[in-house]
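Heads up, the next two complexes both have chain A, just with different partners, chain B and then chain C.
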Partner chain A sequence: MDSQKVDMYLMSNAKFFQPSQLAYVRERLLAADESKWMYIQSADLKDPTTILIVSILAGNIGIDRFLVGDTGLGVAKLLTCGGFGIWAIIDWFLIMDITRQKNLEKLQAYL
Partner chain B sequence: MEHTEGTIETTPVKETKPFVHPYEYELASNSYMMAVVSVIAGLPLPVINLIATVGYYLAHRKSSYLVRWHCIQASLGQIALIPFNSIALAWTLGILFGGRGFLGLYDIPRRYYADDVTLFEDYTGTTLLYWLYITFVIILNITEFIIVIATASKVRKGHNVRWWGIAPLADKLTSTEDRNPYKTA
Partner chain C sequence: MTRNRLYLLLSLGLLAGYGWLIWASWQTTHYSDFTPCFFKNATGIACPSCGVTRSVLQVSHGHITEAILLNPLGLIMAAIMITAPFWLLYDVILKKDTLYTSYKKTEQLIRIKWVAIILIILILINWVWNIQKGL
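Showing the complex of A and B:
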């Protein structure tokens, strides 16, 4: 893909990926076929900050896990009341990274 | 017969320091913060901090060596505290609900069977030894708390803090395998 297009994409979407993975994303986007551009642009990426707010407010009932797509873990978190409070606290620190990881996995499907 | 004279020249191995992304320091620092913040969830239970740090490590199994190493060091630090805290908790519960002596396991107090005593009588299990031990455990925990916070802040700034006695064990336990599935060419 055109490097200018890739850089534009990364400039507007950098916050959705882990900083340490940006080089990888750029490399893969450059190697991707031009025909995939539409799909890549329309990929539904979740905002890590929004998910963090959800995790703080409703982490005890597992809503954050449902939002990022971990339905199984969401149900487990819901049934255990956020892993008796411990899992909910661990997730305050983890959920932003998990969201970024899921975003990369979503993008990966088109690359 | 052929023989070689002089020294054999070997090509020097160029040691390159692995690149550490600044973001990884933040992840590594968070492993220590887990132990501090999890206190909110379960202060009386001595095992909560350990569960939190181990849970954080499990979530970062595929992270870089630096992050995993710090997660393991934080977990080992918590493991070292477990015996002291567990004994303190068991001893306190023993005094509250049981009798006298070590862990309050014998001589059940009168408040459980006599009619002429109030609820607040006969806590003779609280010996000087008990108070000394509880003071020691509280000081130990406060010290650990301060050390963990100081380590978290130093690691975030990029210093590699090694705890005495625990760091060599963390070196041995942490796998050097590169588990990052997203590698650039």
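Showing the complex of A and C:
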């Protein structure tokens, strides 16, 4: 894909990925085929800030994990009342990076 | 999530769970006072899984009906806590990944829309029942 398109994409979507992975994402996007553009744009990326808010409000019943796509861990969190509340607090700090990681995995499916 | 990560998390969870159960069964007098649940401490309302500890303890004493009346989720929890250690050992010793593949399959099953909707409704009904019981 041409670099203008890729840079535009990265500018508007930088918050969805870890800063350290942006260079990698750019490289892979540049190498990707033009026909993938539609799929890449329609990838269902989750906003880390939104997930953090959900985690703070409803982390005790695992909603954040369900949203991110870790259904199994979500069920575990729901059944144990947020891992006795401790796991819920740990997730306040981890969930943003987990979301960014999951976003990258979603994008990688098209690259 | 990789296989080893899942097994590590599961064994840590099982350890914590059994530790908590032993502590809870010793501290039966403290029951009504202390709860680790933030949701209940913050709002005063029971959360969907409040009463699971008491329910599992009832199961361990053989009172299945009381366990269901307390919180049906306790039965699921008890089943997981009884089967998971053996399954985990079986997989680790024989270097297999049967638990991991069935975990992945369950995840996919739960993600099907109508299954998810039914489960959410069941959890909500259980929550309403929990609040009504005043757990």
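Here is the rule we use: the second predicted complex is superposed on the first by the 111 of 111 C-alpha atoms of A that agree within 3 Å, B and C clash if a C-alpha of one lies under 4 Å from a C-alpha of the other, contacts with A are read in each partner's own complex, and residues count from 1 in each chain.
Here, contacts are C-beta pairs under 8 Å (C-beta built on N, C-alpha and C of every residue); 3 or more make two chains touch, one makes a residue touch a chain.
Treat the numbers as computed from the prediction; the structure is a model and nothing was measured.
Chemist: Identify whether chain B and chain C fit side by side or clash on chain A in the overlaid structures.
Modeler: With chain A as the common anchor, chain B and chain C both fit in the superposed model.
Chemist: Which holds for A:Ser20: it touches chain B only (first), chain C only (second), both, or neither?
Modeler: Only chain B is touched by A:Ser20; chain C is not.
Chemist: So after the superposition, what angle do chain B and chain C open up at chain A's Cα centre, nearest 10 degrees?
Modeler: It is 60 degrees after superposition, to the nearest 10.
Chemist: Pick one for A:Tyr39: touches chain B only (first), chain C only (second), both, or neither.
Modeler: neither
Chemist: With both complexes superposed on chain A, which partner does A:Gly85 reach: first (chain B), second (chain C), both or neither?
Modeler: After superposing on A, A:Gly85 lies in contact with both chain B and chain C.
Chemist: So, A:Phe93: does it touch chain B (first), chain C (second), both, or neither?
Modeler: first
Chemist: Using only CA atoms and the superposition described at the top, report the least gap between chain B and chain C in Å.
Modeler: Least C-alpha distance: 8 Å.
Chemist: Determine where on chain A the residues touched by chain B overlap those touched by chain C, and list them.
Modeler: 84-85, 88.
Chemist: In the complex formed with chain A, which residues of chain B make contact?
Modeler: 21-24, 27, 30, 33-34, 37-38, 40-42, 48, 51-52, 55-56, 59, 64, 182-185
Chemist: Touching residues of chain A toward chain C in the complex: what are they?
Modeler: Residue list for chain A touching chain C: 60-61, 70-73, 75-76, 78-85, 88.
Chemist: Inside the complex, what are the residues of chain C that reach chain A?
Modeler: Those residues of chain C that touch chain A are 1, 6, 9, 13, 16-17, 20, 36-39, 47-50, 52, 73, 76-77, 103, 106-107, 110-111, 123.
Chemist: How about chain A: which of its residues touch chain B in the complex?
Modeler: 18-21, 23-24, 27, 84-90, 92-94, 97-98, 104
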